[in-house]
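Each of the next two complexes has chain A plus one more chain, namely chain B in the first and chain C in the second.
Here is the complex of A and B:
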């Protein structure tokens, strides 16, 4: 399995080197997080907003850049195209499940671009002395665990939308709705603490917070102890849910799939 | 006159094509309504902690939000389909069919296709503006309406020019798809009054990437807060950008050597 992944990586690496300029433009799309940060900075210039100082907003959104980078998923686009155009068929007859190709593609893109992102984020922290992180063994460990969980929730939910292409041609619409929900509920637009308490309670149980905000909160030391434990349990419960769901859907989908155009 | 007739023909053809996919229409409406909810909710989140963003209160920001949705609809309906078509035609070499027709090539390439169903966002955006204005109990007077019409026309012209320059870049760079992604991101700043942003960014958003002209200034106009300088600036900006995009297109077409033949 490891050898297969290495082969996949080499292929994906070559593809992403081919499109380096594209990678640069893609980096700029992180601007959305930065724009939101600037809006909150303008609101917090007079004083802390819901307990967040300006430094907290910088720390939140800078960690958020890394988390979003590490959890970004676009498999649904590729899968939608493959299913529609029939290029999925050759992948199906290979002795390895196609999802591994998508995972490898996902990881290798992250690796190529992390090298550019990390120094930029580090620079932002150096330039903003009031931006603090909670660096203890527990929080670092919990952060990494939550990051893996966040990637799984994002990847699997996106993969789920991709699998829907077996039955519908409206994948783009599903993606739009997913993006809208993520934008507001996962913590891109605003940290979860900015929402009314009643909404926060609901968000504790939905998957969106566990795609981004949860990891940010751990890094900032805002979610600790029991709440941290509770969050990890819910997050990994969602991972298990999406894992089982996508497995089932894939089975049903490939059974009813008659490749178009191949 | 001939061009107007052609335009009507183009739109009719696109509409007929879209009628083939009626399910898309329902989905489009649902997604449109969903986004109106998302946009209004997100504005509400900010206003639970403050009573103004960059000096604009909730209803005023709502006017900007409405214009943002409206303009997004125009982009989706009229610009995006043509821009992606232009990129594709340059790549495949089928642009020759556009260039050899006895019509202005920019007119044909930039207005041939449309997605009439995306006009849903134009309607919902207008509705947000009307609701926001009536919540304020404010009725714009004749001058405000006139200024708004001018500013809005300029903002359409500016958006058109930006998109056409991006499309024209595809003559040299094959993968321009990402560039429109980039526009979409900067575009998100148009949800907020430009005064939200400080220092360099505000200048960039006014002069370099003229996002301020697209939502903030027309909103100011309809609210009756327009000064001559901004009005003049907008007309100059529209004229300059449009002139540049036309020149750039001609320059690109001159140096274009078809890929297919």
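Here is the complex of A and C:
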């Protein structure tokens, strides 16, 4: 399997280098995080907002840039196209599950762009002495674990939407809804601590927080101890849920797949 | 001995929803969808032995591609069953997927933005082809298809013919035992069609691979396949030897004649069935066994300017088959 992934990476890497313009568009999508950071910075210039100082906002959104980058998923678009146009057929007759190709594509893209993103984020921390991170072995370990979990929740939920294309041609609409929910509920627009306590309790149990905010909170040292443990358990429970769900859906989907274009 | 490909009473029905044209039609279809069963394949059976080259003939929508998709494991049969190499295709077991290939003239597996060699390398990894074998196979394919000059160019910059060569190479690197080829020459010019055809024949001889080919170019099938299966609207019309079919449906050859001076139908009638005669030119249908003899007689008795022998057009023969005027099997 490792050899197969290496071959996939090689090819995906080469493809991603073909599309430099797309990389530029991707940089623009990060602008949203940066704009939100600037909004919160101006609001917190007079004093902390809901316990967040200016430094906290910089740290939150800069870590957020990395987490969003590492967890970004677009498999649903590719899968939707493949299913609608019938190009999934050649993939289905090869002796490897097509999802491995999508995973490889996802990772190689991240690798290409992490090199641009990391120095920028590092620079932001250097320029903002008040932005602190919680750098203890426990929090770093927990952060990395939560990052893997965040990637899996994001990737699998997006993959799930992609699999829906077996039955519906409305995948784009599902994606819109998903993006809307993520924007508000995963902590892109505002840290979840700013939400009313009742909403926060609900968000503790939904998958969205575990796609972004949870990892940010760990990095900033805001979620620790029992609450950290609880978060990891819920996050990985969602991972398991989406894993099993997508497996089942894939099985049913390929069954009903009518390989369009007879 | 059991056959390599066995298809028994196979049926595949699709459910399609019908929509009337226009906005109202869209609305009506949104509120209440009307479904209709399309019988793409309806109760067909055939067996194919290892190493056979079989041509699947039929007009568009006959069910050729559907059958190939069932055999490739892409579609679940509605009724009946199929086995290939002892496997049930729709289970898509790795051991099965490694032993056949599906080439679709209109769907590609090559990575669009990269040179074809990159797809070859990906397939090497996927099919777990040892390096030495990979290089040897690639080398052979290069000899047969002349890939050297094309496989390092970006796929999107290749011509259709060049791309098809690369598609075939990508599909055959793992040396499959069974080849399902769906319209492999579609859109290609006549020379390239012939090239691809020759190559498929050569691959079959070299590796003893079984070939099941669909095409609506008659030439593909006549050149490659000894056996044909004719289907239309999901039904099997004929399964058997191609030559035998021709001889049975059209037990005559066509003799085209040009005379120095006008001649009448009556004079020609003794040599064969007169299909056309306008004085100076005539077309005769002469029984196969007597063809040479009739021609010799004609040449000695009449002043003939020019004479040619032709085989009856295959299209006409197939039309006869569809019209139900031919027995199902030979």
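Note that in this section the second predicted complex is superposed on the first by the 260 of 262 C-alpha atoms of A that agree within 3 Å, B and C clash if a C-alpha of one lies under 4 Å from a C-alpha of the other, contacts with A are read in each partner's own complex, and residues count from 1 in each chain.
What we mean here is this: a contact is a pair of C-beta atoms (placed from the backbone, for glycine too) under 8 Å apart; a residue touches a chain by one contact, two chains touch by 3 or more.
What you see is a predicted model, and the numbers here were worked out from it, not measured in a lab.
Of the two partner chains, neither chain B nor chain C is touched by A:221. With both structures placed on the common chain, the touch criterion links A:11 to chain C but leaves chain B unconnected. Touch criterion met: A:194 reaches chain B, while chain C stays clear of it. When the shared chain is aligned, chain B comes close enough to touch A:43, but chain C does not.
With both structures placed on the common chain, the touch criterion links A:3 to chain C but leaves chain B unconnected. By the touch criterion defined above, A:177 reaches chain B but does not reach chain C. When the two complexes are laid over each other on chain A, chain A has residues 19 in contact with both chain B and chain C.
Only residues 3-4, 6-8, 10-11, 14-15, 18-19, 86-87, 89-96, 255, 257-259, 261-262 of chain A touch chain C when the two sit together in their complex.
Chain contact summary for the complex, chain A toward chain B: residues 19, 21-22, 25-26, 28-29, 31-32, 35, 38-39, 42-43, 49-50, 170, 173, 176-177, 180-181, 183-184, 189-190, 194-196. The touching residues of chain C, when paired with chain A in their complex, are 14, 40, 61, 65-66, 69, 72-76, 92, 94, 97-98, 100-102, 104, 106-109, 111, 113-114, 118-119, 121-128.
Put simply, chain B touches chain A in their complex at residues 23-24, 27-28, 30-31, 34-35, 38, 41-42, 45-46, 48-50, 53-54, 173, 175, 178-179, 181-182, 184-186, 188-189, 192, 196-198, 201.
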